[in-house]
Amino acid sequence: MTWYEALPLLILASSLIPGIIIFNLPEERRGLRTTLNLAGAAIKLVFIGFMLWGVARGEQYEFRYSILPGLELVLHADALAMLFVTLSAALWFLTTVYAVGYLEGSPHRSRFFGFFSLCVTATVGVAMAGNLFTFFFFYELLTLSTYPLVVHRGTQSSMRAGQVYLAYTLTGGAVLLTGVVWLYGLLGRVEFAPGGVASVLVPAYTDQLRMVFLLLIAGVGVKAAVVPLHGWLPQAMVAPAPVSALLHAVAVVKAGAFGVVRVVYEVFGVELAQSLGLLMPLAVMACITIIWGSFRALWQDDLKRRLAFSTISQVSYIVLGVALYGPIGTVGALAHLVHQGLMKITLFFCAGNFAETLGVHKVSEMNGAGRRMPLTMAAFSVGAVGMMGMPLTAGYVSKHYLSEGAAAANVPWAAWVLLLSSALNAAYFLPILYRAWFRSADGTWPHEHVKRRGWKETSVLLLFPPLISGVAVVVVAVFADHSWSPLAWAKLIADRQYLSSVP
Amino acid sequence: MIDPLAWLILLPLTWAAIAFLLGPTRGGRIAQAGIALQLVLALWIATEVAGGSSRQHAAGGWRAPLGIELLADGLSAIMLLLAQAVALPLALYARAYFTDHPAGIRHFWPLAGFLLAAMNALFLSADVFNLYVTLELVGLAAVGLVASDSTAKSVAAALRYLFATLVGSGAYLLGVALLYGTYGTVSLSELAPLVEDAAPYATLLAAGLMVAGLMLKTALFPFHFWLPPAHGGAPSPVSALLSALVIKASFYLVVRLWLGLLMPVAPPAAAQLVGMLGTAAIVWGSVMALRQPRLKMLIAYSTVAQIGYLFLFFPLATHTAPDAAQSALQGAAMQAVSHGLAKAAMFGAAGVVILSTGHDQVARLGGITSRLPLTVFTLALSGVTLMGLPPSGGFIAKWLLIDGAISSGQWWWVIAMIAGGLLTAAYVFKILRHAFLEKEQSATFRRLPRMLEWPAFALALASLAIGLRASDLLRVLGAP
Amino acid sequence: MLFALTGIVLFAGGIAGMILQSHLLRKIMAFNIFGSGAFLVLVGLGQRDGQIDPVPQAMVLTGIVVSVAATALALALARRLLNLTGEMRFPREGPDD
Amino acid sequence: MKTLMRLLVLAGCAAFVAVAGMAMLVLPEPPIRLAARVSAELGNSGVKHPVTAVLLNFRGYDTLLEIAVLLLALLGIATAAGGDAVTGRRLHGNPQAFLQSLARLLAPLMVMTAGYLLWAGSHRPGGAFQAGAVLAAGIVLLYLSGLLPAPAGPSWLLRLGLVAGFLVFVAVTAVPLFSGGQLLQYPPDMAGALILLIESGLTLSLGLILAALFLWLPDEHEEAEE
């Protein structure tokens, strides 16, 4: 096995193996467990660094394992995969640090971090999947490994949330499976390739292709929380904050959105999807979701619930970008895949900090939080204004490209939708900022666990992750033109998608 | 030169007889040794068959039609492998179980020995009358095992089971009689060329009788009434043996007859009917499983449901395109194997729960995640296989079956399978949901020997692993 | 041939009895009846052209021994059930718990 | 409702009889005639009676499994009986002297008959099963007439007696395998002797098994006392 085959496996193993070891660790082996976690996360980053370097030099990293004739597990590192892998690995590192601090002294940590590692392994698998079968394989693995995290608290309410989560995701998986098998029946094998592979079936199987597209998009749409398949997401926020952060920013929701990208661009091919008239309905769905999510967010008093609805709307930006025919929209979508992750994880980290430090769970309790926890609140504010699309933040960059893309694909109303949604974002984020910064704390906090020590407003492990991700939100925007920025990658990928299909 | 075919039958017969000599509660060690040897033999046959050569053996040196012939082809090789591979961990498990909980061990080892011998004989036989004798052997051994803790409940269950299997084999025997009357032979190899689509009514009748009888023995809906009390009431090692292997024996025989003998006379409508019964079994079994308060009854009903998947093979393989039939057969084989491993693991885990907490109320499982983590993992992993999620063998089975359904243009079976998978998830996660609850709901948590938890876990792990090694397994199966 | 036809009748009757009779002893008898029915068909068809065919006779001998064994087991179980429940029929199955 | 069910079942059975009857009346001639082949090979079977030849040579493998079935039934009874099989059933009430003397007279005759049947099996109707049955009847008779003490549980010796025949059979089945032969493949010249060996083993064990099938039946009176 050469280095080029081994590297993708190593990237999986760097979280899988620690996970398996951690499962067997007794609860009290805190030190060893933490070391394993961080070491695994760090090693993964190093490997990915190697791979980025190689892919940029145009090297091919691919691992193949045949389960049945014609049915292969393929891990393949193309530009799109690298975008998602890098995002998830980087944010996993932050989240691990955060989770170590967050779960300080709570029970079942070995189980938690075990499934945590499995979850990331599955996400990375989804990212590097080289064909539809492999994608489905890790996609279901993701469902299974996240369930124990969602119900981790073991209370009745978390069990109910877990049930809803399963009901949605498993059904989605079943629908997806049908589509996948169907397509394999038609094509024999479905390798991801820029420009898509399904065009050979036109015109003989046009109707079947439409059915398959519907099945596949419905399948991934559940995890992407596209209305009306979004019901599970607000429920799932009963999970511990690091889990919500991972679910919303990296793992589940993103896997869904990423699935949409893969299906539209690399299975069907954007040209085919356009010619079959599949993009427009998708765009409409996305717009409905964007508006609906923002509206619902307005009325939520529970902070994490408000963030959850905001996720529903933000993730559909990606779907919208994919559905806008033309490279600019694509760039916007892919850039937002990364940017939304950075912003949303910052927000969830902060929400977790308020809950863990002050026992603040509701927006209405946040008066004066900014004075008590300035650093956290600053990070939160950056994420929030980013969501609104303020210039010099990640959100601005992606929204800019999205509305450009809308114009280019001459669906102007999509641009209006984006504008409206920005307004709504402002409407549900600004009150929070106002309360936190300009109101004074009314009396004592609901439940203050951690006293402030000097500049340390809360425990260090909880403080740094949001700060780092918050800074990142700005950096990716300021250095957007740098050749290593997510935006640059997005452009690179978009070019490939359209070059390969445009003669 | 040792002939694995003959020894796969003689070995268990011998150790069963010796175990009987040793006395009602003894014989565990010799049984384990014997099964280990059998596993080696089964692997030997499997590798040979995978190499493309099938083994024959003419008992008494008399070839058919005068004598009885034994034949090991891909299908029988896989079933033999499954039987021994499940039996070995179960033997380890059973010894630990019965040392911890001596009630119900009376004559377990000799009965298990005869059961294994009978199943191996059944998988190898190529003579419809000899198959009848092996069927009866399997049936009586299973009944004896069910009755082993001789409480009113289990005796009643055993008696119900006995009557069911007797009717089943009676119908089968009548079928044999008609076949012999029509063709003058009972050897499969001789019969196969004689049975063609312009067969006399008697052949059709015989086919109907044999298949119906075997369905009764396989507990296909609506003939499933006897299964849940029998499998749910017996001691856990017995339940595991019955659910994982015994029903597969009669299912194997239906497939063998269908493919090797009755296909030409089988009307497509019949195949569709069988498929519908399978679907009904999936739905009914899952719904009933969901409603069971007791863990073991839940698992027993899940067996009723999983049997349904096996029978979806018939509509997909009867008078359809060869590649559809191929993937249908492969899917059925995968389903049989992975369900065998997973179900044995589940019943094993249930037994652990019972020994540790003294009950198997699903609603009172709370807290076992912290007390019996390995067992919870066992339940979860085997659950993954039953749900047909990756990377399990059940997933590959489902994939192949759906592929067969789509490529033979019978999309309605796809709906059945998808819905079945979701129903399965419903009852599997019912278990896990209660298991994950924090607060402990059992008075006692006894510590148990490791030999009790690990074999079940190994079985569950195997049911996942074959998902990744599917190609090797299906190479043994070869082309139908 | 006459044997075979009788056998069919016996078989059908036995099955009917198996389904309809609730008393265990009668069920066991019913089993013996349809068993013998099957044997009769086996032998009857074997010698329908007059000359004796030893093969089905040997098979029937085997079959008889099997059914004797089964009958004995059934009797033992039924007897046991009688001892435990005091009834010679299946107990009403209550909720399993 | 119940009567409806009844009618349905009966109608179904009647229909079955009609169909099956028709099917058998139009049965063609079987393409294969085994009887001829049996008589052709009878010479090499080691016995003169065709049925015995089929039972213990041509299809001897069936017979091996069939003994296993008997043992299984025995095991099943022993397990089902729970604890009480160990003690066996005790005799209730005292038998009359007449019955005892009759039994004393009959027992040796029965043993002789069994022996004869065993030997006769090789060339005319008879053989191990018939012999075993007579033997079993003798044992049951002796026991009922109180001449035989209640079997004090399956002792080691008794168990040996029960499986001896089966073990001999298995041994004879296995031996040819070591010389590269097939299951149960007798060398033609020794066939007769081996068959006789098997049959005598079986006669003993079958006698005991059949008797045990009767004697080990769980006893209601005992339960009543508890």
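Should a chain be cited, it is by its letter among A, B, C and D, assigned in written order, with residues numbered from 1 in that chain.
As a working rule, contacts are C-beta pairs under 8 Å (C-beta built on N, C-alpha and C of every residue); 3 or more make two chains touch, one makes a residue touch a chain.
Everything numeric here is computed off the predicted structure, so don't read it as measured data.
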- Message: Of the chains shown, whose Cα centre falls closest to the middle of all protein Cα atoms?
- Response: B
- How many Å are there between the centre of subunit B and the centre of subunit C, using C-alpha atoms for each centre? 26
- Query: Distance-wise, how many Å sit between the C-alpha centres of subunit A and subunit C, to the nearest whole number?
  - Reply: 67
- Task: Compute the distance, rounded to whole Å, between the mean C-alpha positions of subunit C and subunit D.
- Result: 17
- Just how far, in Å, is the C-alpha centre of subunit D from the one of subunit B? 30
- Two or more other chains are touched by the subunit C residues 4, 15, 41, 45, 48, 59, 62, 66, 69-70, 73, 77, 80, 84
- Note on the structure: Residue numbers in subunit D touching two or more further chains are 20, 24, 27, 34, 38, 58-59, 62, 66, 69, 72-73, 76, 80-82
- Message: Two or more other chains touching the same residue: where does that happen in subunit B?
- Response: 129, 133, 136, 140, 143-144, 147, 150, 155, 158, 178, 180-182
- Query: Which of the chains are touching one another, listed as pairs?
  - Reply: A-B, B-C, B-D, C-D
- Message: Could you list, by residue number, the parts of subunit B that touch subunit A in their complex?
- Response: 369-370, 373, 384, 387, 389-391, 395-396, 398-400, 402-403, 406-407, 414, 418, 421-422, 425, 429, 433, 436-438, 467-468, 470-471, 474
- Query: What residues of subunit B sit close enough to touch subunit D in their complex?
  - Reply: 1-3, 6-7, 10, 13-14, 17, 20-21, 23-24, 57-62, 65-68, 70, 106-107, 110-111, 114, 117-118, 121, 129-130, 133-134, 136-137, 140-141, 143-144, 147-148, 150, 155, 158, 178, 180-185, 190, 194, 200-202, 204-205
- Query: What part of subunit C is in contact with subunit D in the complex they form?
  - Reply: 1, 4-5, 8-9, 12-13, 15-16, 19-20, 41, 45, 48-49, 51-55, 57-59, 61-62, 65-66, 68-70, 72-73, 75-77, 79-80, 82-84
- Of all residues in subunit D, those that touch subunit B in their complex: 19-20, 22-24, 26-28, 30-34, 37-38, 41, 57-62, 64-66, 68-69, 71-73, 75-76, 78-82, 156, 159-160, 162-163, 166-167, 170, 173-174, 177, 180-186
- Which subunit B residues qualify as touching subunit C in the complex? 129, 132-133, 136, 140, 143-144, 147, 150-152, 155-156, 158-160, 162-163, 166-167, 170, 173-174, 176-178, 180-182, 186, 228-229, 232-233, 292-294, 297, 361
